[in-house]
Amino acid sequence: MSISVQNLSKRFGDFVALKNVNLEVPSDSLTALLGPSGSGKTTLLRIISGLESADEGSILFKDEDVTTRSARDREVGFVFQHYALFRHMTVFENVAFGMRVRNAPNGEVRERVNELLHLVRLEGLGQRYPSELSGGQRQRVALARALAVKPRMLLLDEPFGALDAKVRQELRTWLRKLHEEMHVTTVFVTHDQEEAFEMADQVVVMSQGHIEQTGTPQAVFDNPATSFVMDFLGNVNVFHGRVQSGRVQMGPFSLQYDEYQNEEPRNATAYVRPHELDIDRSPSQASLLGKIKQINPAGSVLKVRVAVEEFGVELNVDVTHYRAKQLELKLNDIVYVHPRSVRVFMPETDYVI
Amino acid sequence: MSAVKPSPGRSLGGTLRQLVSGKHRSPLPGFGPGLAVTISWLTVMLFVPLMALIAKSVSLTPAEFLTAAWSERARAAYMLTFGAAAIAAVVDVALGLLFAWVIVRYRFPGRQMLDAIVDLPFALPTAVAGLVYSSLYVKNGWFGQFLVPLGIEGAYSRFAIVLVLIFLGLPFVVRTVQPLLSSLEGDIEEAAASLGASRWQTFTRVILPSVMPALYTGFALAFARGLGEYGSIIFVSTNIPYKSEIAPMLIYSRLEDYKYEEATAIAVVLLAGSITTLMLINWLEARNRRYAR
Amino acid sequence: MHVNSVRTQKTAGRMVANEPLWFRILLISLCYLIAIVLIIVPLIYVFVQAFSEGISGWWNNLFNDAETRHSVFLTLIVVPLAVLVNTVCGVAAAWTLTKFKFPGRTLLMTALDLPFAVSPVVAGLMFVLLYNLRTGYFAPLLNEIGFKIIFAWPGLVMATMFVTIPFVARELIPLMQALGDDEELAAVSLGASPWQIFWRVTLPNIKWGLLFGVIQCNARAIGEFGAVYVVSGRIERETYTMALRVEKLFQDYNNPGSYAVASVLTLMALSTLVLKIILERMVAASMEQSSSE
């Protein structure tokens, strides 16, 4: 079932949680709401579920306006950040709850619960209490409980936030697989970009109550729409400079920039990702002279910090192990750094120098 | 909240413990003297008096014991004592849940005053409670002038006993339910709602079972208080044998006649009854609390 | 604190958790009604009656009556003595039961709760059985050394102690369990003596909880009726505590006198409530401090 969010606004006292948010969630997709805390992502999820009411705007499930419906009538499966399991009920009864309150016959309940416990790989733990389970197991109980009533969609609030790294990784892969099997529209909230990019079909980046960018993980990663998205996605290198007549000037770099042909110079910021910088022993055009301050291996790359005295900045550069070996990089070596690609953002306010 | 997470403090303690002693017993001082003080205190104040009670009661032959402890007058007194205490405790459970609910969940003017005043029955000497209750509900008392014409005798009746016991037991229920109710995470109610439960279903299926253990405990405390209560009841009851005489009163009147054996026999029954009830409730509560292991 | 305020702000927008306004108002009004009828009106009534003859009448009833004066004096001896012993022993018991694991520990823990299950009248009876000078188990000994316990002040102290046994220890045990023993272990490893550990490490951590327990113990001791009633023998100017005096004046149809004493007891209860509120905040603060470390 597709979800359509239209012109949604929400305030808590003086705090604007959401302002004029529009979002389309395609049917059967897996969508991630990604953003830092306070960006409004959880509020958006809660409004979709009906746990929170919007001040303005509407929510449509397919073509049906559900804005004024209460949570209990929306038939939405919601998985809470801290699971919100009923601790006085066994795992079985937790999962059965939604059917019990609908007075489903016992046989049907038993069948459905067992089916779900099998699905979330918790067979045989039905008679345990939540306090007797590990974090990952509780998470799966919460999921089974939400799925038991055959919801029209599944909403998850920071589903892996309370788990340790290893369990988190396992569950991500598992949930992605589960989604592919079940074909239920799923929206989850996360502040972890890796999680969003790894799992989702569609990533929605949010900040300060509005949506910065919506797109496939690849599109968002490759073409960040705003400086916020760029900044949020990684440990980028930032250069400040100016644009003029279709060119950007940032210290020694001079790059083509077609979007601004005006002769009036304006401030601009250029972003370069660590893996978009190259290190060399000899200067090339538009390269910066620097000294290696730090070399840390991190997985498949070496994270190298280069201090550029001329600009008083330190650059983060990702270098492959092969390349590092080739160049025989050591601490305090003097090297040249040059960018393979740069993204330029002009400040939104038209500030003219 | 999470039982699996080891607390860092524990491991520090464990490390230190090993550092200091390397043995299983705690390296902290004061075990010997502490235990000595505790045991002598409880022996002199508690165990010896209890043994005296038992010794006295076994000095009676079974027949003598039965005549004393199971006379018609005594049976009437037990009935009244246990009945009044049970009714009052049940009412206290309902009122206590209401108070705790309102104090924990709503914000309104006077909330803190209400929260504080709930403890008054506990802090107020029972004689004062009895004194006041005995005059508020008589025919020309503040409440009695309205109630007595309606046939409600709130003083010098069995109802009066129940009434004053309700007053005395209220804080026990409120204070046991309150912490549990406020520790309930708000999201379990949201979870219930999103799963389609109505407000009433959420209350009966989620909230009530969660606070059930506290209700049992509160009931037990209020009930035990009611069973033993004496100070206030001698004010509000007519104390007529067979009719409005509670068991502690009967014990006392036997004592006044220097019939210590009879008094003891009745006391043993009262004590056994109250301990049995408490153990029963304890067991119920433990069974109910199985999830909290 | 900050997180909390954000949380309440968010609650305001919730669609599910809050009951409808009319329902909330109904419950709150119900609470107020019950509180007014059960607690507040009786409270006001005490003072209305006590001052029915004006302030001078109240003063006369309290301090120009030699027997009432003596009862105040006796209460001021009996209560502090009982509270002192129970505090010292309660601290020792809490230390022993929380810092060490040993066989019989649970038994002692249960024993601490036992007085709750014993009717005060039965408690009084036990001491009578032990110490009365004619048939008591210790009568020969007491007669020889010429020491009177029953129908004298030592009996009052013992009876009061019995009913207030649980208060200090019961308050401290959960607190000390929550605090753990890491700090004490650290002190041991740094070479502190047992006294230094207690005074410098443990006591500062538990002081508010301890005071809280002492205040509750004190309130209960002042108000104790049944147990002292039995052991006092009610001898004028010898064994009347204030609570007993209230009843005596009431039986003598001296209502103003009775209410005058009751009003003093009520004031003590009210100050207990105020102290309790202050201390609860202190305890909460110290618990928070220790858990945030």
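As written, the chains take the letters A, B and C, and residue 1 is the first residue of each chain.
Just so it is clear, a contact is a pair of C-beta atoms (placed from the backbone, for glycine too) under 8 Å apart; a residue touches a chain by one contact, two chains touch by 3 or more.
The shown structure was predicted, so the numbers you read here are calculated from the model rather than taken from an experiment.
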Furthest chain, CA centroid comparison against chain C: A
Pair joined by the larger number of C-beta contacts - A-B, B-C: B-C
Inter-chain centre distance, chain A versus chain C - centres from mean C-alpha coordinates, in Å: 57
Chain A and chain B, separation of their C-alpha mean positions in angstrom: 54
Inter-centroid spacing, chain C versus chain B (mean Cα positions, whole Å): 15
Residues of chain C touching at least two other chains: 14, 16
Touching two or more other chains - residues of chain B: 190, 193-194
Junction residues of chain A - those touching two or more other chains: 50-51, 70-72
Sites on chain A touched by chain B in the complex: 49-51, 70-78, 80-82, 84-90, 97-98, 100-102, 129-132, 134-135, 145-146, 148-149, 162
Residues on chain C engaged by chain B in the complex (per definition of touch): 11, 14, 16-17, 19, 24, 27-28, 30-32, 34-35, 37-43, 45-46, 49, 85, 88-89, 92-93, 95-97, 99-102, 108, 111-112, 114-123, 125-130, 132, 135, 137, 158, 161-162, 165, 180-182, 184-186, 188-189, 193-194, 197-198, 216, 219, 222-226, 229-230, 242-244, 246-247, 250, 255, 258-259, 262, 265-266, 269-270, 272-274, 276-277
Residues of chain B defined as touching chain C within the complex: 9-10, 12-13, 16-17, 19-20, 25-31, 33-35, 37-39, 41-42, 45-50, 52-53, 55-56, 95, 98-99, 101-103, 106, 108, 110, 114, 116-136, 142-143, 166-167, 170, 186, 189-190, 193-194, 199, 221, 224-225, 227-232, 234-235, 247-249, 251-252, 255, 260, 263-264, 267, 270-271, 274-275, 278
In the complex with chain A, residue positions of chain B that touch it: 1-4, 185, 187-188, 190-198, 201, 205-206, 209-210, 212, 288, 290-293
